[in-house]
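One chain, chain A, links the two complexes that follow: it is found with chain B in the first and with chain C in the second.
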Partner chain A sequence: MCTLMNSHLEQLREKNIELTRKKIREALKEDIYTIQLASSIEDLDKIISKMLKRLRDWYEIYLPEISNRLQDNEQFISETAKSKSELMKKYKIKESMGGDFKDTEAMECQRKETLKMIEFRAEQQKKLEKLMEKNFPNITAVAGGLIGAKLIAIAGSIKELSEFPASTIQILGAEKALFRHMRSGARPPKYGIILSHPYVAESKEKAKSARKLADKISIASKVDYFKGRFIGDKLKEQLK
Partner chain B sequence: MCTLMNSHLEQLREKNIELTRKKIREALKEDIYTIQLASSIEDLDKIISKMLKRLRDWYEIYLPEISNRLQDNEQFISETAKSKSELMKKYKIKESMGGDFKDTEAMECQRKETLKMIEFRAEQQKKLEKLMEKNFPNITAVAGGLIGAKLIAIAGSIKELSEFPASTIQILGAEKALFRHMRSGARPPKYGIILSHPYVAESKEKAKSARKLADKISIASKVDYFKGRFIGDKLKEQLK
Partner chain C sequence: MEASKVFGVYEKRGRRTQIFTANLTPCQKAYDEKLVNENGREFREWNPFKSKLGAYIMHGANDIFLRQGSIVLYLGIASGTTASHISDIIGNGGMIFGIDPAFRAMTKLMFLCTKRKNIAPIMDDANHPENYEKNTPEKVDFIFQDVAQKNQAEIFLKNTRKYLKPGGFGMIAVKARSIDIAANPRDIFRKVRTELEKELTIVDFRPLEPYEKDHAMIVVKKK
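After this line comes the complex of A and B, so read on.
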């Protein structure tokens, strides 16, 4: 009798584990994958800036006159494909203070690898935007792929983002400033990562624009979560 | 008269600037270049660990059962070239808790790029070792290319390294522990980055081995700085 019950209990236990596994698997939806991709792009940004800094540091001892003249990173990395003598001719550097190293292959490799990393980041961003457009068309239409994905990443999931009020979305990414405000009474933040959206960045009244944009993103995220129809173009229209 | 003197002064000034430029250029010797290469390899180590962490994080939602079973990073990155079904078969995973994502291209790209980065780091290290062998044969024979270059990097130049006593070389890279010792009377560090040398790492009496090795490195650096003849093999012999 007792062994019979034990075997039943064992079966019940296994069934339970199976169901839980299934539930966990089903909870891992496309938004979780998208969060990983968005975070990996943020990683890549840091990696590229580290590699660029190293390349500039290296040029500082090879041809110090050039780093200052080429403030733009893309220009710097494409121009340094030229040889030292070519660069000196082009930028009219009579005499350089840089050292005469025999073998600069390692530096050239660092330059090429940095360039490859920049290209890789661009490819990954394209993939992210494609994914976002497919899975969250409304958020993407209003906020753009990268900002949309970052908002989902900070919220934790599309479900959580859709439950946030617009005023929370407005300051997502400015948690530090928010808590400083709550703790010490400093001025509250007016915008989080949506500041990098051109609608806010190029606006003269940034706080007002941020509020408007967050409002539309909030609506878009609710529609996307409940798989509603596409209203992204209308929301975008209302922003103008 | 006055204008004549001014023109002379002007000439003198220009000549001076020219000489200073030349002196700066001449001070930038191969060791400064080597320092950049060694630091770039340290950067790459951090970059690779960041990229690996991201890849593991990503697999945590795709096939969480696999990350734990493959603790070794190299094994992990080569095994994950296989498809999910292949991996599940090989590691006898009946049912995975990972999500079923339609498009995992971005994750696969991250894996490939991480692998490329590991290869790039290996290539750069080879270049460093070649450079070190050519310019600092004695240090390289005793300490190895990478550790030797890191020691030069911490010291600032081969000149400075050659002026350090062996006891300083022994704890280069453990500055934090040293200052903690000086400030609060905690136990002083017994070794710095030379701990990663097999002679110290595999020794049972690490502190003693570190002292011996630092002694030989100190001699080697003096010989290399003054461009003496090759005594690296003898120094190495004495360590045994």
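After this line comes the complex of A and C, so read on.
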């Protein structure tokens, strides 16, 4: 009896393993790939900001005036390609506080790698936008590639995002503030990551436009999940 | 190393008490736990900070109702940290049916399944017990639940109704913060208890405080 029971369990286990393998493969759809790409871009942003900080630290001892003058990161990294004497001439620095180091190869390497990283990030973002446009055309039209991908990443999948109400989409990414509000009665958050969308960021009434944009994203995600036709341009027009 | 009062669990008393299970698959780790050789047997350390069942044992549990050859239904198995210790206790005669809807956790669990012959993975949602009735035996001896869901008591009841044999035991790790982030954890534990008491007998209740914040373990028996 016991051995009979065990062989039955054994068979059940084999069947389950096979079924699970199939189910995992089926679960790995395009949106999972997109989520991975979006989170990798987020990682790259962190890495780049750290590398840039280090490069600035380096110029702090080599040529502190230039780091102080050029606050914009892009300009800073392109200008530092020039040598010290050239830079001093261009920005009319008569005397620098920085030290005279003979060998600056390590610093140069840091600059080159940082630049490469920035280029790599831009490439990855292009790929992401292309992918988003192909798979989720409506979300991309309304929210843009990167923000759309980040929203899908927080929700977990396009299915889950399409099930969210607009009010949830509005504050995705502001979970900390939301829970603080629920726990201690602080003021609730008005917007999450959709704040980085130009429509919200450049608006004077940010909360109002965040609500409007979230509404349209919610509609777009539902259309994209059920593979409806393209209505992104109409939704975009309604925002104006 | 000596056998503790809980079946299949060994302990090393000292300044800091450690608990172990005898390794079913010698020389192989399930995650990054420590392996200890003593008296010609290999033991795996059970970290109560990583496993709620381990935390429950550290809180002085008398029995976790697992025996050699038990058939276990595990809701929310994740990557199988706790499950690997249950697998040690029940031995090769038993079987764990682990349910989890997340593919990430499931891929990890699949690798554990190739090592341990008494774990069966089921990728499904514990909210719908009828979905996996073909993949599990009709009745199981023990149900363990560790899911982060708002309606976790309801999920537990649904599964005990369908799968737990009469007189069988179940354990539910209540996550107060998943049920309601604003309410007092104690009130939530009381609420879950009264909900479970309608159908089941409560055998034990212990908060898991130093190991898991705002968690409690409730042990039940089916009437």
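As a working rule, the second predicted complex is superposed on the first by the 224 of 240 C-alpha atoms of A that agree within 3 Å, B and C clash if a C-alpha of one lies under 4 Å from a C-alpha of the other, contacts with A are read in each partner's own complex, and residues count from 1 in each chain.
Heads up, the rule we're going with is that a contact is a pair of C-beta atoms (placed from the backbone, for glycine too) under 8 Å apart; a residue touches a chain by one contact, two chains touch by 3 or more.
In this text the structure is predicted, and so the values were computed from the model without any measurement.
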item: Which of chain B and chain C A:K90 touches, first, second, both or neither; value: neither
item: Touched partner set for A:D43, first chain B, second chain C, both or neither; value: first
item: Which superposed partner A:L12 touches (first chain B, second chain C, both, neither); value: second
item: First, second, both or neither for A:R183, with chain B first and chain C second; value: second
item: Partner chain(s) touched by A:R21 [first = chain B, second = chain C, both, neither]; value: both
item: Chain touching more of chain A, residue-wise (chain B, chain C); value: B
item: Shared chain A surface residues [contacts with chain B and with chain C]; value: 21, 24, 27-28, 32
item: Complex interface listing, chain B residues touching chain A; value: 18, 21, 24-25, 27-30, 32-33, 36-37, 39-40, 43, 46-47, 50-51, 54, 57-58, 61-62, 95-107, 109-110, 113, 116, 120, 123-124, 127-128, 131
item: Chain C-touching residues of chain A, taken from the complex the two chains share; value: 2, 6, 8-9, 12-13, 15-17, 19-21, 23-24, 27-28, 32, 179, 182-183
item: Chain C residues within the chain A interface of the complex; value: 71, 93, 95, 97, 103, 106-107, 110, 113, 117-123, 135-137, 181-182
